[in-house]
Amino acid sequence: MIIMDTGATQEQIDRVIAEIKGHGLRADISRGEFRTVIGIVGDERKVDFAHLEALPGVKEVLSIEVPYKLISREYSKFIDGDKKHRVVKVGNVSIGGDEPVFIAGPCAVESKEQLFRIAEEAKQAGAHILRGGVFKPRSSVHSFQGLGAGGGEEALEWMREAGKKFDMPVVTEVRGEAQVDIVAQYVDILQIGARNMYNQDLLIKAARKGKPILFKRNFGAGIEEFLSFAEYIAAEGNRDIILCERGIIPIGKGRSYTRYTLDLAAVPAIQKETYLPVIVDPSHATGRRDLVFSMSCAAVAAGANGLMVEVHYNPEEALVDGQQSITPDALKDVIRACREIRKQVHGGKG
Amino acid sequence: MIIMDTGATQEQIDRVIAEIKGHGLRADISRGEFRTVIGIVGDERKVDFAHLEALPGVKEVLSIEVPYKLISREYSKFIDGDKKHRVVKVGNVSIGGDEPVFIAGPCAVESKEQLFRIAEEAKQAGAHILRGGVFKPRSSVHSFQGLGAGGGEEALEWMREAGKKFDMPVVTEVRGEAQVDIVAQYVDILQIGARNMYNQDLLIKAARKGKPILFKRNFGAGIEEFLSFAEYIAAEGNRDIILCERGIIPIGKGRSYTRYTLDLAAVPAIQKETYLPVIVDPSHATGRRDLVFSMSCAAVAAGANGLMVEVHYNPEEALVDGQQSITPDALKDVIRACREIRKQVHGGKG
Amino acid sequence: MIIMDTGATQEQIDRVIAEIKGHGLRADISRGEFRTVIGIVGDERKVDFAHLEALPGVKEVLSIEVPYKLISREYSKFIDGDKKHRVVKVGNVSIGGDEPVFIAGPCAVESKEQLFRIAEEAKQAGAHILRGGVFKPRSSVHSFQGLGAGGGEEALEWMREAGKKFDMPVVTEVRGEAQVDIVAQYVDILQIGARNMYNQDLLIKAARKGKPILFKRNFGAGIEEFLSFAEYIAAEGNRDIILCERGIIPIGKGRSYTRYTLDLAAVPAIQKETYLPVIVDPSHATGRRDLVFSMSCAAVAAGANGLMVEVHYNPEEALVDGQQSITPDALKDVIRACREIRKQVHGGKG
Amino acid sequence: MIIMDTGATQEQIDRVIAEIKGHGLRADISRGEFRTVIGIVGDERKVDFAHLEALPGVKEVLSIEVPYKLISREYSKFIDGDKKHRVVKVGNVSIGGDEPVFIAGPCAVESKEQLFRIAEEAKQAGAHILRGGVFKPRSSVHSFQGLGAGGGEEALEWMREAGKKFDMPVVTEVRGEAQVDIVAQYVDILQIGARNMYNQDLLIKAARKGKPILFKRNFGAGIEEFLSFAEYIAAEGNRDIILCERGIIPIGKGRSYTRYTLDLAAVPAIQKETYLPVIVDPSHATGRRDLVFSMSCAAVAAGANGLMVEVHYNPEEALVDGQQSITPDALKDVIRACREIRKQVHGGKG
C-alpha cells in the first residue's frame, strides 16, 4: 500500500502504477479527500518496497499483514478517514450509518401479487429495502428452484416495479455467473449467497457491475476466509460491500434446535477488522420463526448495521422456507425493539 | 409422569411409588400447590401405563417424549404453574425473574486482597453474585491450577467472607468429585464447568448437596445433550439449576477471532424446552475483553436471565485468562446497557 | 421412478413421459439391458402414482425416499444390474472396477517442462490418470491463481499433449461457468472442486458436456448434501460421476495437525447409498506429505476405488501446496502398498 | 528437561530435584538404560535454566515447546531410546510392538453367561484383551446405566474370572473418581472414556494406580488437547498410556451416516508427536456394524497399534449399542485382514 504525498502529480502516480504492473501485479487506486492511496493486488513480496518509497511523490509504503488488505481498517482510514463504518448508499438508504437498516421480503418471489403485497406491508412495517429470491439455491434438484428456473426476467421486472412503487431499493441473489448481467439490469444490490462465498469467478463478475454487493458468509467459513473473499470484490475496485452473517454449521449430536448457529460475536469481531458494514440474517440462521424476534434484537445489540428478514403474510403457504418467515406485524415489532436497543448500545464502550 | 387427583391420599401416592419401584425404577415426587406429580426416573417403557392410570387417586398418566422430562415445560407446569421461568433463589437474589442477574468476579482467586477488592468493585458496579475460581480446570498440567491445588480451603474461606462482607451470594466451580463436600460447605452455588458437563457421577454428587447448580454447556454438546445431562441433576430431586451457555467449538479454517462461538440462539431455544433460567458467559465464549460489552448486550437481548462476567481491576496481571477480563468500570457500563435492553425486549413477542 | 414392462413400446414410454411433463416435471430415461426405467426430476408429490401405474406398459412405480434418487443403489440396479459399482470408463482406464485407480500430477501446472516431467515420472510409478490445476481456486486474491488467470488455453493444451504422449487420460478443475466450454475441449474428466460443490449452475453446465465429472465433497457438507448435489449432475443425464472425499473442516481447539479431517468412513457409507465410485484425495485432506502414505493405504483399505495424489519432483519448489506433494518415488511405494491392501480387503465381508 | 551425565550420582540427581521443588514445581524422574532424565512438571518459566545446567552431574538442559513434554518423542528418546513406540505390557500382551493388538468384548457386561460366552468366542477369533463395560456413561439418566449402577463389584469379579479363564488381560472404564479404587482391584487396564478426557481429577487418580491407562480422545478435542491431557497421566509417573481415537463430532447438515467422524489421520499425526501406542475404536466411531470391517482395515493401514471392537454373539439383543457390535465370526475376518494389511504397510515409507 503506497500512500502518496498530498501534492503528488498524476505523473508521479502513474509511475508508481507502472512499477507495480511491471511486476505482473495490479494496482488499486483510491483517491481520498486529501491524498491518493495505491494498493497492490497480488503477491507483494515480489515488490521492492524500499525502491518504491524512494520514488518522487511517494510519502510512505506500508505492508498490511492480513490477506484482506483493501478492506482493512488500516487501509481504509487513508481513503474514508476514521469513520466507524463505510456508508454504502443505495437510493436514499444508507447502510453503515447511525440507524440499523431493515431488509425484508419473501424468501422466494412466487407471483406479482405475492411480491407486491409483501412489499407494501413490509414498507408499512418500517423496512427500507426489499428482498426477494428469484434464482434459489436449493439442496435438491427435485425442489422448487425459484421463478428464475424459467428465465426469471418477469420476476426481476416485478422486483423493479415493486421497488419503484413502494420506494425501496431491491436486492436479489445471483446464483451463477450466467445470471449476473440480467440481474444487474433490474436490481439495486446484488446478493452473493452463502453457498457461493468461495466462488471467486462469480464474485469478480458481480463486482464489476459496480453495484453494491450483499455478501454472505459461508456456513463453514472462518472470519479470515470470509474477509479474504470479500477482498476479491474490493480488488475489482468495488468497495460497496455489505457483509452478512447468516449462521454457521451447527455442532453437537442429537437433533438440531436451530438450522445453523448464528455467530453473533462475528459481528463486532469483523467490525474491528474492516470498516465495511455488517448485517445479520436471523431467518436463515435459525430456521425458526419463533426465534427471529430474539435473534434480531441480539444482532442489533451486538452492533449489526442492519438485518435481513424473511417476511410473508401467510408463512404456512410460502413455497420456500415458510417455517422461518415472520408476518409483517411481527416485523413491525422487531423494528421497534431493534431501534430502541440501538440507542442503548450506541452510547456504550463496545 | 403421573398426575394425582387434588385430593389424593398419601396412601394412594405411596402405592404409585411402590408400583414404580417394583419395576426397578425411581420415583420423583413433586408437590405443587394443588396436586402431587410423580415422575419416573429410568426406562418407563417397562411400566404399564394403563394399569397405573387405573389406580385410585391417579388423575392422568402422561408420557413425555424428550429425554429431559423432569425439567421440560410440559412437566414443570404441573409443579410451578405457567411461570415464564423457574425462579432460583439464592440469598436475596432471584435468578429467572424479571431482572437480569449479574454474576461477576475474578477468573481465579489469587489472594484475599485481590478477591476482596474485586468483590467490592463488582458490587459497586451493580453485580449481584460473586464468582471466583479456586479449582481451575486447565488444559495443561504445566499451568497454574488455582489455589485449590494446595487444598483450597483457605481460598474458599475468603469466598465465604467476601460474600458476607459485600452481601453477595458466592459461586465457585467443583472440578472433581473429591471437592464436592468441601466446596458445598463454603459457597451458595456449585458450578459444574463445561468440561464436566458429561460427568454424570459429579453431577449426581453435586446435586445431592441440595444447593443451586450453575451448569455450563460443553463446547461440543448439542442442546438435547445439555438438557439430558441437566436431567441427571433434576433426577436427584434438585431443580435449582441455572443453565449457562458459554460458547461452542469454533468452525472454519484460519485463525480464530473468538475463543469459542457464542451460540446465543440456544438461549431462547432452550427456554422454549425448559423453564430453567439460562445465563450467558461472554468472557469465556469470546476470550476477548473488547467483545464482552457487545456480547453481553446481545445475550440479554436474546432473552438471557443473566450474565457471568470475569472482572479484574488489572486484567493484564491476572494469573488466568486476563485477556478476557474487564474492569469494574466496564462492568458498570455493561450492566446499565443490559438493563435498558431488557426493558425493550420484555414487551416484545419473542 | 417408473419401471416399464420388458416389452413396453416406445409409444407407451412416450405416454409416461408426457404425463410427467404435464406436471411441469422432467423425465430421466434410462434404457437398461432388459427394461426401460423412467425417473422423475422435480417434486414427485405432484404426480398421481396410482394413475401412472395403471398406464399400459408400466410394470411398477416406486417412490425413492432419499433426495438422491437417480444415483441411489435402488434406482441403479434397474439400469446397470447388481454391480458393486458403476464403472466409469475414460480411455482405457476403468474407475469402479476391481483395481484401485491412481490419479497423480502437480497441484498447479507451472510450465510445460514441469508438467511433462511429472507426467512421465507419475506414469512410471504406476499412475493411470494425470491431474494438473490450471484454474486454481485460492483463498486470497493476492496469491498465484494458476496459469488459467491469463486465459489458460496454453496450459490446457499441454495437458492434452502430455496425456497423449504418456497415454493417460487427463483431468483438471473447472472453477467457474465461463471455463466449462474451453476445459471440456482439452481434457477427459472435468473436476468440480470442493468449494464449488454447492454451485448448481456450474454442475449443470459441466454435466451437459457429457464427459465424466470428478466431484469433490465440500469441507462443510454432510453425505446427504454431497449426494444431493451429485444428483444435479445425474439429472442432466450424466451418470459418469466419480465422487471424491477430500477432508472436512477440522474440529477442536489448538493448532491443527492436519489441514482437514479425512472422513474415511464416508467412503463405505457412500458406497452403500450409491453405486458411483468413490476416490480419496489424501494430499488436500492432510496437507502433509508425511501423512500421504498412511492415508492412501487407509483409504484403499476403507474400500476407496482410487486415489488422487499430488506429485512433484521437487515439492519444495512447487508454486502451490508443495508441503503436501510427494515425489514420484514415494508414489511408487504408495501404489505398491495400496494394491496389496486391496487384495486383502477384497475377500472380506465389508 | 534435565539430562544427567551417565555417571551422575544420586546426590547430584537429588540436588537437581531439590532445585526444581524449590520453585514450587514437581520433578519427573526417568531412569533410562544409560542415563537419568528429570522432567519439570509445572510452569518451567520460573526456572533458571542456565543455573541448572551449571550444576554438577548435569549434562544438558532442554526446553520442550509443546505442552505434552513428558510424552513427546523428544523426551522419550532419552528414556526408551529410538523405539518406534513405547511397548505397553499387560500380562503377556504387548501393545505398541510389531503386531496389532485386538481388544474385544461386549459394550456392556449383562450377565456372567453373556460375558463368558463372548470372551471365549472373542479369544477363539484371535482377540488378545477382553473389554466389558460395567459403569456405562449414558446420555440419559433414563437409560440402562450398566451393572455398575448397583455397585458393580459382582460384574468386575466376572471380568477378572473371565480374564483368567481365557487368558486375556481385561479392561473396563472408570467413569468417576469414586470407582477408581475398586476397578483397579479387578482389572488390568483402566479405561478413561471420551467424555472424561478433560476430567483431570479422574486422570490423576487413575494414573496413581500404576496400571496401564487406555485413554480415549474426546469427540470435540483437537490433538494438542488430547496429548496435553495424556500429560496429566504421565506427570503422575505413569507412562503406560494407550491412546485411543474413537471419532469426533460429525459436521454437516442432514442426517448423519456415521455416529462420529473417525479421524484416522490423527493416528500417524499423533505417532509423530509421541511414542505412545495409538489404537482405534471403530465401533463407537461409526456406530454401524456394517462399517466396522472397513474401518478396522483402514485403521491398521493408517498405522494403528491395535483396535478395540465391540463383539456380541447376538447384537440385536445387546442392552447397549447393539447396532454397532459385530459377531465373533465377523471379528475373525477383521483380525485376518488387519494382520495381512499390517504386513503390507510395515515395509512402507510412512
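Labels A, B, C and D are assigned to the chains in the order they are written; within every chain, residues are numbered from 1.
FYI, a contact is a pair of C-beta atoms (placed from the backbone, for glycine too) under 8 Å apart; a residue touches a chain by one contact, two chains touch by 3 or more.
All figures in this text were calculated on a predicted structure; none of them were measured in a lab.
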item	value
Which of B-D and B-C has more C-beta contact pairs	B-D
Most remote chain, CA-based centroid, reference being chain C	B
Chain B and chain D: spacing of chain centres that average the CA atoms, whole Å	33
Where chain C and chain D are represented by their mean Cα positions, the distance between them in whole Å	38
Separation of chain B from chain C, taking each centre as the mean of its C-alpha atoms, in whole Å	49
Sites on chain D at which at least two other chains make contact	220, 225, 228, 249-253
Interfacial residue positions of chain D with respect to chain C in the complex	220-225, 228, 248-258, 261-270, 272-273, 285-286, 288, 290-291, 293-295, 297-303, 330, 333-334, 337, 340-341, 344-345, 347-350
Sites on chain D touched by chain A in the complex	220, 249-253, 259
Complex contacts: residues of chain B adjacent to chain D	40-44, 67, 69, 137-144, 175-179, 195-196, 198-202, 205, 218-220, 225, 228-229, 231-232, 235, 249, 251
